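After this come two complexes, each holding chain A, first together with chain B and then together with chain C.
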Partner chain A sequence: MILTPAQQDALVEIANIGAGKAARHLSVLLRDTVQMNVPEVCVGQRHELSALLGTAPGDLLVGVRQAAVGMLTAQVSLLFHSEESQQLVRELVGIGLPMVGADTRALEHDAMTEIGNIVVSAYVGAFADLLGGNIRLSLAAYTEGDLNDVLRHLPDEEPDQESFVLLLKSHMRVMKREVDGSLIVIISRANLGVLVSRIDQWLADLQSA
Partner chain B sequence: MKNILIIDDSATSRMLFKAHLPKGHAYAVQEAKDLDSALAANASTRPDLVVLDYNMPDHNGVEVAQRLLATGLDAKLALLTANTQQAVVDEARACGFGWIIEKPITSAGLAKLLEEASR
Partner chain C sequence: MQATLSAALWGDMVDQLPLGVLLLDPAGRIRGWNDWLARHTAIVLPAALGKTLPELFPGFDHPRFAWALAEVLATGSPQVLSHTLNRHVIPIRLSVPNPYELVLMQQKVQITALAAEDGTPLALVSITDVTENVLQAQSLIAAARALQESSHHDSLTGLYNRRFMASWLEQELKQAQRHNYPVSCLMLDIDHFKRINDTHGHAVGDRVLRDFAQVLGGQLRDSDLFVRHGGEEFVVLLTRCPLPEALFRAQTLLGALRAAAVGTLPAGAVTCSVGAAVYAPDAPCTPDALLNQADKQLYVAKRAGRDRVAPASI
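Let's turn to the complex of A and B:
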């Protein structure tokens, strides 16, 4: 493992706090209970992402992804299966947006992007708040397709030729609608060092407090 | 009040809790990371205040509290969680939790809890 047990524990706890805040926002948006599990940390190659995420080849997914740059440089995505995401979107569209004369599909994309932006921002904010660093987020990008389509690099990301990734995965379940989603963070080896250094400093500060 | 039991699967979270205790405090803090270690800690220390995380593997914080209460726990309960959506708050209140504290813990938030729990 490339992380020490203390570093991994810290990373999971920060992700847990971030996912908790994200789940609360999602719960308020959808007026539904959102259950979440303890985040998982996985390490693998880029081509193993499908197995790491538990998706089958050809699964149609909907994702909203944002590039985080700074103390946490990573791709952060909220993923749902395509059919399930439509339930969430219709709920949100039905709650807040006028439907008369509107392009329903565009509204659905807009609503899903907004859900993703709120959830991802809450999640990433926990990293910045706890570790005391600055993290910039790109505009949220709506994508649909298979896993490769959904997770391909954002236009403003540096193409990363390294095949190694560290994956942080939080599973969420929207209870009444029985919709499952994942909040995932993909960090390349090159970008892991800055985050780990910050975590080490944070842990040292805590231990000396 | 002098004995505190903090139950959280994350060693980091438990460390955060202890780091934010008031300087020079006289509390005896016992730690547990899951249901089994919580049951053992409760039996050995008789805590006055139990602080539980909600989102843990196998059993959430409310479920752990219910098991502790079933074994005769006589302590005040506080939930420490990032997941403060209404359903979680309602579940905790129904179980008898007196405090819901949002993660990450702060010195001010912990001081307020300790002061109120001492009454």
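Let's turn to the complex of A and C:
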């Protein structure tokens, strides 16, 4: 499925509103100025995810996943890739050194889960607010491993129902570091169709306003 | 046939859970409060029902909790509040002293949505006591933090030190190449610092170093990195900054220094020389090469009479 430039622009705009909201909440929580934006949104088939993310086999990813149900029915994950991003998350949560034991790792996971929960809620909230409709999220779950590991919880693709991935590249600036993460939305063709028709409706409403 | 559990039995179960459970309505009023909370807060159920958390705990002000609660009530989606980022939500004093001076119970909190029988949205707040885990981790983290702090900052000026710069600059130059932006490097050296030390003593010398850091630090942006490189030598790293802009910024630093009383010395008595170099992503170099290039230019500025920037222009 290919999005039109107007649909792409709409996605970038909605995602940036979500990113702004997430940054405001993270700034309060982390007591540091956090800036977030989404420079690019792209869509592809699920099997293209690795290429879209730019990950090599065996690259370690860390993230948080939540299932969304409602106007947007999809699996939503916030993933940080690359070593420096993980290092930053550790600095953010105030540990900042190689993990020294199982207890500190658990604390780091909890903090990462909360940060991911805030970001996913803010993005998904922006979709619900602007496009109209309810979206409910499941409890946030921490995930780490290579791309196969972090996608392991997903059901296999139905042969007659290919699934797509929306990739919202997210850029974060905090504590003198630039961090790139990605919000990935894994969504069936039918549910992507629902989302795209909502975007078309929103664009039409904006035109006629 | 399966037996249905009565509401009373469910209530008993909630009371026996090894965690705090409370129910809040959209006005923030307490509609449920289990035994665990009653035991740990010494506030019994009848005293809690209908009250808000600020009414029960004067001074209760938790913006993250307030936002999470509003989010759960508005969207029906759950929120988690980690111990690491929040420490606690409900202030519960610890009864047993501990070696790390923790006064309040450390908590992990989860908020999920429920609906009352009349459809009113409610928030179910569950509170897990993680104090034991925190105490076990505390000593390790405290030791690690102290080590990290001392290994990242210069103790006299509070600026970042050379060791921190080395790891930061390596990552920064990788990012600069990936995202195609320049990074400028200014190497600064206080002019005639030895003479200041010899004439006025080391105490004044130390104060000059501290004030120098403060005066120049006031001119820098959040995205700049200011480092004490050693002795009276400092480095300023300017991200996304091409060389002409870096030279202009260096002149601004020199101007601010000339106008300031530094240490116990009058304005104009302390000056510095600056060597500038740039990392260009189309001609990448190592962090050491960038610093060496700036150092060579610093030498040029010193030879040309001090209190100036080299190169003078490009």
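Worth pointing out:
Operating definition for what follows: the second predicted complex is superposed on the first by the 157 of 209 C-alpha atoms of A that agree within 3 Å, B and C clash if a C-alpha of one lies under 4 Å from a C-alpha of the other, contacts with A are read in each partner's own complex, and residues count from 1 in each chain.
Keep this in mind: a contact is a pair of C-beta atoms (placed from the backbone, for glycine too) under 8 Å apart; a residue touches a chain by one contact, two chains touch by 3 or more.
Note that the structure is a prediction, hence the values are computed from the model and not measured.
When both complexes are overlaid on chain A, the residue A:Asp110 reaches chain C alone and has no touch with chain B. In the superposition on chain A, A:Gly20 contacts chain B only, with no contact to chain C.
Using the contact criterion defined above for the overlaid structures, shared-chain residue A:Leu131 touches neither chain B nor chain C, since it reaches no partner. Of the two partner chains, chain B is the only one that A:Met36 touches; chain C does not reach it.
Using the contact criterion defined above for the overlaid structures, shared-chain residue A:Val12 touches chain B, although it does not reach chain C. Of the two partners chain B and chain C, more chain A residues are in touch with C. Once the two complexes are laid over each other on the shared chain, residue contacts for A:Val28 go to chain B and to chain C alike. Within the superposed three-chain model, A:Gln207 lies in touch with chain B and out of touch with chain C [touch as defined at top].
After overlaying the two complexes on the shared chain, residue contacts for A:Leu3 are found with neither chain B nor chain C.
Shared interface residues of chain A, touching chain B in one complex and chain C in the other, are 28, 33. For chain A in complex with chain B, the touching residues are 6, 9-10, 12-14, 16-21, 23-24, 27-28, 33-34, 36-38, 126, 129-130, 175, 203, 206-207, 209. Only residues 63-64, 67, 71, 75-86, 108, 110, 112-113, 133-134, 136-137, 140-141, 144-145, 147-148, 168, 171, 174-175, 179, 222-223, 225 of chain C touch chain A when the two sit together in their complex. Across the interface of their complex, chain C is touched by residues 25, 28-30, 33, 66, 84, 93-97, 100-101, 103-104, 106-108, 110-111, 113-115, 117, 121, 124-125, 128, 134-140, 176-178 of chain A. Against chain A, in their complex, chain B makes its touches with residues 9-13, 15-16, 19-20, 54-57, 81-87, 103-104.
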